[in-house]
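In the two complexes below, subunit A is the common chain; its partner is subunit B in one and subunit C in the other.
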Partner chain A sequence: MMNLSRSVALISLFLLPLLSFSFSVDNPTDRRVLVLLDDLSLKSSHSIFFNTLKSRGFDLDFKLADDSKLALQRYGQYLYDGLIIFAPSTERLGGSLDSKSIADFVDSGRDLILSADTSASDLIRGIATECGVDFDEDSTAMVIDHTSFSVSDVDGDHTLIAADDLVKSDVILGKTKIEAPVLFRGVAHSLNPTNNLVLKVLSASPSAYSANPSSKLSSPPQLTGSAISLVSVMQARNNARVVISGSLQLFSDRLIRSGVQKAGSPNQYEKSGNEQFVTELSKWVFHERGHLKAGSLVHHRVGETDEPAIYRIKDDLEFSVEIYEWSGKSWEPYVANDVQVQFYMMSPYVLKTLSTDKKGLFHTSFKVPDVYGVFQFKVEYEKLGYSTLSLSKQIPVRPYRHNEYERFIPTAYPYYGACFTTMAGFFVFSFVYLYHK
Partner chain B sequence: MGGKSEPAKSESMATKPDLLNTSFFSFKSLKLKTKQQELLLRISILGLVYILAFIARLFSVLRYESMIHEFDPYFNYRTTLFLTEKGFYEFWNWFDSESWYPLGRIIGGTLYPGLMVTAALIYWTLRFLRFFVHIREVCVLTAPFFASNTTLVAYFFGKELWDTGAGLVAAVLIAICPGYISRSVAGSYDNEAVAIFALLLTFYLFVKAVNTGSLAWALASAFGYFYMVSAWGGYVFIINLVPLYVLVLLITGRYSMRLYIAYNCMYILGMLLAMQIRFVGFQHVQSGEHMGAMGVFLLMQVFYFLDWVKYQLNDTKLFQTFLRITVTSAILVGGVAVGVGTASGYISPWTGRFYSLLDPTYAKDHIPIIASVSEHQPTAWSSFMFDYHILLFLFPAGLYFCFKRLTDATIFIVMYGLTSLYFAGVMVRLILVATPAVCLISAIAVSATIKNLTSLLRTKQKVSQTGSTKGAGSSKASSKVTLDQSQPFQKNGAIALLVGVFYLLSRYAIHCTWVTAEAYSSPSIVLAARGAHGNRIIFDDYREAYYWLRQNTATDAKIMSWWDYGYQITAMGNRTVIVDNNTWNNTHIATVGRAMSSYEDEAYDIMRSLDVNYVLVVFGGVTGYSSDDINKFLWMVRIGGGVFPVIKEPDYLVNGEFRVDKGASPKMLNCLMYKLCYYRFGELTTEYGKPPGYDRARGVEIGNKDIKLEHLEEAYTTSNWIVRIYRVKPPTNRL
Partner chain C sequence: MARSSTSKDAQDLFHSLRSAYLATPKNLKIIDLYVCFAVITALIQVAYMALVGSFPFNSFLSGVLSCIGTAVLAVCLRIQVNKENKEFKDLAPERAFADFVLCNLVLHLVIINFLG
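And then the complex of A and B:
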């Protein structure tokens, strides 16, 4: 195993020039993933999860979190496309890594799976805070739920939660419904209310709370009920994806294999929902699903093909944009009926839903409003689970030119008439005045 | 009237500007007849004045370089460039998407194209004659060229008003009058450059038309008016002064057929022509400012009609009744028409600018954007003295002479002088409009005085002058040695007075030259200061910053700055601006003012909504440059607060005092403008013996030295810190 990983690392080093193209706009799925562990035994205790990743073609590079040779980038190039941090207790990362370099890694558009656990270190908490979630400040606290615990919980302190409050998104969790509850034992976290990029994937039940199970409650718990998030995801503005889990055991072979029965529920499952949950979640976070790409915004006047440099008010125009979805292997046409385009100048003057030809092309046509100014075509597509599309293209709209107005309007005929009768009248008057004696 | 001038008169006149010339020509061209001599003198004097007017305005080119000055001229330059490159129709229909983002501006319909078309015509003519000049040189020299032309018009106007002598003096006075030079130095490529020429030309032609009663002159005056309308918004002055003048003539019983022809032709044709300018259009018949002219036009018809009826009736009693009925009903109908028009909105009310002219305090209370401009401030006495010098004393004397010889023409110049002088007192920039009138009236005073004095000397003191001037006159003079008792005294008095006049005029010439060289030749885009050793230091920070923008920012980058710098950024930096010196949209400017006076995060939202990429501020704390954004800041607050009441002026003041040091209000110390101006300034020692962060423009140590920027980052600061540019960061990736 060690040898294999080392040789993989070696090969990846040789293939670096080639691999550095692996994470690209054309092929967004991550390939090279660095796994940071605080104990190499995690490699075997969480082997099911890692093996699913490997079987999907990821190159996993296992490193101890305090490995002094740790480096995310070399010569300004990132060595990895994704990062898994399964080192909840590590206080300091090895090499030059710190929470800022992890944040920079995310800001460069790369993905992260971060798992904390009880007694998570300040470092892990810091990284989580950077990503918009806050773990319970009490380092001894765990999520306790006296109603929706798993009956297999042998300790009896109800810290093994059977959670089934999953986010309703086929994109994040796959099309197949996760039937069995997901087993969770770990620390609670809450979402930063000012951050609207982060969302709960697995929430606790209303009866959950966060406290130290071995001591008596002296004061009401800080985090309670559905404010507690067990697993959260964050999609940054540059579409980097982050999964934050409060439990490392969630990914472990033991919980994946174990059967589950939620307290008070007659349904007994052979196998917990954990495997499906973590697999589907890892597909999402590593961009195997829900990744959209859009071609450039194309617009032109009706009946023309070239894009004009400027529109005139009341021009009829056609607008189109191509949107494709990454299926994990290839780009498939994206099909949806809720993509909208705005014709925007400080506020949208036109807002139209685009119709699709099911081959990836979204198009519409509309009339430029009777307002001149510098407009923008804006496509801002934010849909749960999908990567955000934010496209805009500036286009000025000018008023009529002096010779583009209608020339002979009927309402002006009285004026024309008045003009010519005056002229004729003046002529007749002059004639009569001069020659009438 | 005053056209017939004796040779002696012009002789005396000629002695003034160039004494040398007189003797030179009189010796060399003895064969010429007196008439011819006089003509030759007059032409050579005019030629010299023409050249003088031009070269006096070249100080700025000598001191700095051939460049466009200040703010508005940069817009004019940009549009002229566009006109010469794209042609007239493109210019006429130009929709500019680079200014007033995202609203844009229809440039073709919101400017006075006269200046640009004039410059383009000069340019095309020169090209046609195979002079391959750059359009910038044409633009730089347009103002001096037209100032020279103005001297010619002044000469003819003076001649029309008084005599050739007054005309010549007027030409000299106006050629170097600082009040005019201030707006027509080389590089000051602004509307006023050609507009004063057009204004004076229109007045001259109108007076000529009134004097002659000729349709041709009236037509010419209508075309002069058309040129004025095409060049400057100040044409409103003409279209109000001329009817006022006509009204005064009517009231004083000077109504004549000449006046009827001149005014009707000028008004009707001038109106039709003026309506061809897109920016004016139907305003000319609909707006309140133009209603007076129309009223007088109708009154004129009533007058004519009454005249006719009087002639027909031949019965005084019947006519009196008729008169009463007609006048009452005319006034009634007119009143009702104006009332209905105003109420229905057909006649637009007076604009704020017009109100602020009539009532100097109006702008201060109602329109801060007008009051904020320094050239719209009421004039101080010192600037009258600075701009007019001796003309200020000669003006009343000239008025005296005018009243002594009251004609239709002198009534006009008196009215022009008095009204424009009032407006000059209301707004600094309108000194310019009053200058031609002041010069003309002063010229009458000078000319009349010198003429009187020299005629005294001539008729009775020929003895003393025989040797020097004319050999032919000596025998005649010596025969008349009949001396009065009062003669020695008169002679001495006259000589003393003449010397006094010449002394005054020479002081005037010296003053004008000094003012032109020192005060009015600065381009204000390049600043000059005296160093510690008396050497000249040039601060070229503005252009440095604008070229930085041009070279280092994306072509569609949007720059937010206070509106003063908008024209310069688009012209020199070639980047889109949010607001500029064409202050047509008060709300948009107020939005920028609000952003500048808000906290950084509030300002960030505003800037995001306007797609701002860069923010530019002008800061004089290092150099001691006082017209920077901090000193303009209260106006931003006022203008911003005028539209958005969340911005309150007292928040930025401490006990009604504007300060930037430790005692400043907390809002002041943390608003965007303060942060952008003083960012990293706390680390800088500007003056020996002063603490770091000492603001030299305001002479205090700043109150907030530890400035952190969250949503902006410093992009560029010029070498003397005068212009600072900040980049607006995109929103945080993870928040």
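And then the complex of A and C:
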């Protein structure tokens, strides 16, 4: 007895620090991030990126990708909230990590930044395919663009691309427009067309193609043009976010500090858009932006405040829901004009756009349709870059009780009149018949 | 030739019907008038239903049935009271009228109940 309680106390004491340093429902930004590198010199060659993360309060844990003591979980609890894999050439991850454990990591709602590069291993490709992104099968291929390359390209084979085809989303890339093109040098990937959770954040220009830069092309390249994605994101149904990049150099200090001039364009920028791009993307992927939370759905009849257990057809009701957005530090009221509610039974009978009071409360009122059954109030909100909201509340609707109908139906007045006229006629007739002369 | 004979025949028929009818006793004519009134009321209701639709169908049925029912009962009264009718020779006309009144009472009770 004593031993058991003592061991429980010891274990809980040990687990307590682990429990307090992770993301929670009230504070969805990730805290502890595991960074897997295949070469520890990446710590210094990508120091600007890592320092921006550290300055925002992330706890980075640098490990070699084949470190045999790697573990994502201990005693069933995840040790990290986010994972950055900057190990494109690692064939096998150390410790208890493999592609399945990384898939489980994302399945648990945790976030991932995955970067491939030239000579990406099968492991990295496998993890990317799990997320709906297919890298070019040719392992020697890189993205080449003869019209959109950076003028500062030293090698002259046009593999250093200045890309500016960014997705138009303030949530993913921040409110400030990224003016300078983003420098990229790496492999191409395409999105699985059947997957509707992936999204291209940085696409290649229509003149790009994926091929080996040092050998002559023998057949037309498979991946060409805007179908090539340079950086993609995926938001899973449990709101875990994954960023997949085809270039590790995108995050490097060298490209961040370098100036950029796109070939054929007169604009010369002193600093490439890389730093702003990777910073804003990391804010999005680690849930500092675009994370929504909804309160419970509230509904009641007009004029009442309590939620009834059942509605009657043709009742007037009011519906409201509170939605908040995480700003990185606190919950701010969410402001949008496209949140909709459905009054749903097999198909939506009523679909209304909610109006907001700009303080997070979304409300509307409508009339219950002339159909009885068991309905649901459904709010299904899937906006690009925001976490999905899927709320529902069931409510039955009954028809009129037999004494709730109107007493005298106006359209039936002629029939009422006819009956009474007939009765009067019968009365008069009997008098006339009896007393006529 | 044939047309004028058929029209003359029709006119003759109409005149003979009319004169025969004028010879009927007064009480029978009163009953006939009552039947006409009831049937006209029923027809008006059917025309109204055709216009507006049969929404409170029970009310429609109740209205039409009251008119047709009372017309049928009046026709029965006429048959029983008509002196030319050999079948009801032994039936007292007061008895027939009493039946008529009783049946009408029951009919109108049912009608009011079904009217809604």
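Remarks
We take it that the second predicted complex is superposed on the first by the 387 of 437 C-alpha atoms of A that agree within 3 Å, B and C clash if a C-alpha of one lies under 4 Å from a C-alpha of the other, contacts with A are read in each partner's own complex, and residues count from 1 in each chain.
Throughout what follows, a contact is a pair of C-beta atoms (placed from the backbone, for glycine too) under 8 Å apart; a residue touches a chain by one contact, two chains touch by 3 or more.
Note that the coordinates shown come from a computational prediction; the quantities given were computed from them, not determined experimentally.
Judged by the touch definition given at the top, the superposed model places A:398 against subunit B, while subunit C stays out of reach.
When both complexes are overlaid on chain A, the residue A:412 reaches subunit C alone and has no touch with subunit B. When the two structures are aligned on the shared chain, A:430 is found in touch with subunit C, with no touch to subunit B. In the superposed model, A:57 lies in contact with neither subunit B nor subunit C. Once the two complexes are laid over each other on the shared chain, residue contacts for A:421 go to subunit C alone; subunit B is not touched.
By the touch criterion defined above, A:346 reaches subunit B but does not reach subunit C. With both complexes superposed, B is the one of subunit B and subunit C in contact with more subunit A residues. Against subunit B, in their complex, subunit A makes its touches with residues 103, 106-107, 130-132, 194-195, 197, 234, 236-238, 240, 310, 345-346, 372-376, 394, 396-399, 401-402. Residues 409, 411-412, 414-416, 418-419, 421-423, 425-426, 429-430, 432-434, 436 of subunit A are the ones touching subunit C in the complex. Those residues of subunit B that touch subunit A in the complex are listed here as 89, 92-93, 95, 97, 101-104, 106, 556, 576, 609-610, 730-735. Within the complex formed with subunit A, the residues of subunit C that make contact are 26-27, 30-31, 34, 37-38, 41-42, 44-45, 48, 52, 55-56, 59-60, 62-64, 66-67, 70, 74, 97, 101, 104, 108, 111-112, 115-116.
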